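The two complexes that follow have chain A in common; it is paired with chain B in the first and with chain C in the second.
Here is the complex of A and B:
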């Protein structure tokens, strides 16, 4: 019964969506405050209904109600509780439910925090959000209903894919979706502004917190996914340029560009049309990602069961939203007033360079991802575009950006002084070169190009610190004055600095691990030793083990440095009994920021075992950097100018909005 | 420089960057695209040595031989042709005789053995690489995978 209630709530949600899709837009056109107010109440109701429906599905998993087909196919009564819950989104239907849940959550947040928005804008934004929700709720109800019942009721479920039975699944999809779907708000703001035909600096200010939120979550989601793949798949890789990874990376690149171009719009009232286009592109790429992952056109770790009608349905959603948005953009963009001009060497100029490089890089990733699909559709020829393509194009295009990043914040708005920026940065550059050389020698060399990469990474880190240093006026003022000025700097300055520093740390990790990594594949028998990264590993033997829903063979290794045992590690091969599916659980030992990664292969006829050992120097920097980037996002979000109320006062000065009169009269 | 010249310089710079990107993409495509072949294609079309390709099919029953170290020899078949493959490294968890597989690598000059450096690992016991499944169904060799649950 309760399952049917969940289904019914979802149908009601669709009906609510339809109401919010239409009435507020009409209200906004006529200036009818009552109709516009439907948006806010309706959005809360919508979120409530979807949350209830999602809760019911979760309940089905928690009590292992195998009369529900979705639960039967993806759960097992012996599964630990955390995986029962995370299993809700470990399949196609459930993950679409999560998508819609997060979409409505964002709508509700816009309704809640948007009290300072002009009524018309708010009503339009919430309506556009409801259009997207309508499309996806319809998709779930028509093609991917998770509430289908089974009869007779099976006694036991088929269990979740073992690879997904990990804490990673509990965290990675929700974070990623918060990022993906968060860009829907930017999209809705862009569409609402285009409908209204009015865009100004205040618009950029309203959109900025949402872009920052989505960007921060997407950074977290991608980073988490990368670490999960690294430790779970047992191949020791942290990024595969898998089409699905690319699908999440492209919105991130576009979102990063949006974050920067919105700055120009907010501060200088320029790049308006471009910023609106970027907001549309960022969410379009999110939709494209959803299509690639959910339609089954790709074979990937992430592809669940495939069904052609689903692919076509999502493709239609894609065409309607992206096509519609771009058409509206093409119609309205010429009527928008272009903003001010500026010198090429200026803060704006640097931000334009950032946008150019990020969007072109995103475009190359897009081409590399879609070309095989396109070629197969057109000529039936099957090809694969592998990591070398992406490493070459993306790496080459991004390099100038990394070099330019420290200069950006040093340049003034309108007219910057490159020479002065150079003078401020040459110390940072010199130190970076020294640090790069020191690290290079400490890790016993490698290709000389690595020094360039390492120095570039250090330059990013030192450059970000130098920015704060000069802003506070250290060196010019006495230390105490500079210190108090540092404390008085706006939070967004710290946000910028942290985000750029985080980028540097990630680049450092990437360059170091690609250059200095060692991989050893050896056949080992108990008592034998292998050497990696200056450590000696002794294989002590195998032992059988038993988990809640799997059996395993665990190998034990003792790790010694200069004859002294410093650590030990278990590495195992598991067999999940319900699906008879084997997995590899790598043994990972952390030394500072570096890791030893031990993965077991097949047993040999003579009792030996193939063992693969990687030494991954500095690898934790990759993810540490993303954490610092996220911290930058959070700090920037807490900046004074983004807090509730501030944009409102500003907006009234800029342009009094008719809607607000109605609001005051209520 | 006048304002107009400055703007021209900026636009030229931007166009130059985009042009570089386009050339780079074309160059990289030429370098790193791998075409997909089935064993029977190898016999009919022929593949030159040192050309990077993907070879897919079923792992032939009884063909897997583990030699010393971590080198493995096996055959990939599609019913109409069979190609011997040599691979050094750890095979994916789901590598089994009679199962679908995609390998990436090249033929060396004067040898009929395909030297693979990658054997694709995927994550489902019902998994059949899409390219392989499409072709095998087309040729009527294999029918599974439609709806296994």
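Here is the complex of A and C:
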């Protein structure tokens, strides 16, 4: 009965969606406040219904109700509770439910925080959000209903894919979806503005916090997914250019570009048309990612769906939304007035370069991902586009961007002075080169090109610090004045600096681990030792173990440095009983920012065991950098500028003329 | 090291479909007849059954092999050759895996290919000759870095072409904008004259 209520709530949600899709738009056309107000209340109701429906599905998992087909197929009564809950979105139907839940959550947040928006804009934005929700709710109800019952009721479920039975599944998809779906808000703002036919700097100010939020979550989601793959898949890779990874990376690239172009639009009223287009592109890439993953068109570890009807349905959603948005854009863009002018060498110019490279990179990833599919469809010829292609092309595109990053914030708006920026940065560049050489020497060398990579990474970090240094006026002012100026800098300045520094840290990790990583593959018997990263590992032997829903063989290793035991680690191979599936659980020991990664292989004929040991120097920098980037996003989000509309509205309440409030807020 | 598909269980929907599969995939509940999916056509069912059998076959074939990609017994004595072998392996696709190089894969086929690569290298082939040989056996599909040819021209050309086009558009647009603004910002002759009059006269 409860399950049917959940199903019913989802149907009601669809009905609500249809109402919000139509009435507020009409209201906005006619200037009817009552019709426009439907959007806000309707959006809250919609979120409530979807949340209830999602809660019901979760309930089915929590109590292991195997009469529900979805629960039967993806859960097991012996599974730990956390995996029962995270298992809700560990399958196609459930993950689409999560998608819609987060979509409506964002709609509700727009309704809640959007009190300072002009009524028409708000009504239109919420309506566009409802269009998207309608499409995806329909998709769930028609092709991927998670509430289907089974009869007779099975006594036990089939368990969740063991790879997914990990804390990573509890965190990674929700974060990723918060990012992916968050861009829907930017998209809706863009469409709403195009419908209205007017767009200005205020629009950018309203869109920027949502872009920042989505970007921050997407960064978190991608980074988390990367770390999850790193420790779970058992061979220490952290990025595979897998189509599914690319699907999340493309919106990130476009979103990063959007973040920067919205800045230009907000401050200088320039790049308006481009920013609107970018908002459409960012969410279109999110939709495309959803299509690629959900349709099963690229079969890989993430693609649970294999049913083509679903693929075609999402493809239709994709075509309608992207096609519709671009058509609307083509119709309205010429009527939008272009804004402020700027010289090529200026902050705007630097941000244009940023946008140029980021969008070309996103396009490159897109082409690389889709090319084999298209070629096969058109000519029946099969080719592969793998990591070597992406590393080469993406690397070439990124290098100039990374080099340019520290210059951007140093240039003035409108007309910048490259020479002055160079003068400010030469110290950072010099220090970066020294730091690169020192690290290169400390790690006992490698390809000389590594120095360039390391120096570039340090240049990003030092450049970001230099930006704050000069903004505060250290060197020109006395230290105490500079210090108080530093404290007085807007949070967004710290956000920029942190995000750029984080990028540098990530690049540092990538370059270091790519260059200095060592791999040792040995056959070991108990008592034997192997060396990696200056440590000596002794294989102590194997022990059988039993988990709640798996059996495992664990190998124990003692790690010594200069004869002294510094750590020990278990590395295991598991067999999940319900699905008879083997997995490896690598043993990972952290030393500072570096890690020792121990993975077990097959027993050999003579009783030995193949053991693979990697020394991964500085690898944690990769994810630490993303955490710093996210911190930058959060700090920037807390900037007063982005909240400035709220007190304005409160002040206006004193003058109780609704029309004026809307105008003033515009 | 591990083939992706080894980590993927049989697709749940497929597993529920046939009673045999249900039993094989789920030994804990042999007594329960697997429920059929609703509204599943007979032809559709047959197709799925076939697909699922292939999948099961694959799983059964490869599941017991749980080796690392490169085993100690494969490694060449000459470190320089071994290094070349590793680099080449990372550019060759494992044909039975999804999006994995033979360097990362533990499938039997990947192992065979790794041995082939090493054998050719030991026999004195250049990197290019090894790749040629592997391509002659498996086709272009095996290369993770596709070769530049008529059919990959767009792929390889796209990044540079896009960057160039974007740059040209940006420059063109900026120039046009600058020109557009000129008439508005500069004063017409008439305006100049009027301004002169205003300045000169009282």
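Quick notes
Quick note on the criterion: the second predicted complex is superposed on the first by the 643 of 666 C-alpha atoms of A that agree within 3 Å, B and C clash if a C-alpha of one lies under 4 Å from a C-alpha of the other, contacts with A are read in each partner's own complex, and residues count from 1 in each chain.
Going forward, contacts are C-beta pairs under 8 Å (C-beta built on N, C-alpha and C of every residue); 3 or more make two chains touch, one makes a residue touch a chain.
Being a predicted model, the structure only gives us computed values, none of them experimental.
Because the two structures share chain A, they can be overlaid on it, and in that overlay chain B clashes with chain C.
In the superposed pair of complexes, A:383 makes contact with chain B and with chain C alike. In the superposition on chain A, contact of A:243 is made with chain C only, not with chain B.
When the two structures are aligned on the shared chain, A:562 is found in touch with neither chain B nor chain C.
More residues of chain A are touched by C (comparison of chain B with chain C).
Once the two complexes are overlaid on the shared chain, A:419 sits clear of chain B and of chain C alike. Look at A:577: by the touch rule set out above, it reaches chain C but stays clear of chain B.
After overlaying the two complexes on the shared chain, residue contacts for A:356 are found with chain B and with chain C alike.
Once the two complexes are overlaid on chain A, the chain A residues touched by chain B in the first and by chain C in the second are 73, 158, 161, 163, 233-235, 299, 301, 341, 344, 356-357, 360, 363-364, 367-368, 371, 381-386, 388-389, 392-393, 396-397, 521-523, 573, 579-584, 599, 601-602, 604, 610, 612. On the side of chain C, the complex with chain A involves touching residues 1-2, 4, 6-16, 25-29, 31-35, 38, 63, 65-73, 75, 90-91, 93, 98-99, 101, 104, 139-146, 151-152, 154-156, 158-159, 162-163, 166-167, 170, 174, 177-178, 181. Note for the complex: chain A touches chain C at residues 69, 72-74, 91, 148, 150-152, 154-156, 158, 161-163, 233-235, 237, 240, 242-243, 299-301, 304, 306-307, 338, 341, 344, 352, 356-357, 359-360, 363-364, 367-368, 371, 375, 379, 381-389, 392-393, 396-397, 521-523, 573, 577-584, 599, 601-602, 604, 610, 612. By the touch rule above, chain A contacts chain B in their complex via residues 73, 158, 161, 163, 233-235, 299, 301, 305, 341, 343-344, 349, 356-357, 360-361, 363-364, 367-368, 371, 381-386, 388-389, 392-393, 396-397, 521-523, 573, 579-584, 599, 601-602, 604-605, 610, 612. Of all the residues in chain B, the ones that touch chain A in their complex are 3, 6, 9-10, 14, 17-18, 20-21, 24-25, 27-29, 31-36, 54, 66, 68-70, 88-91, 93-94, 104, 121-125, 129-131, 149.
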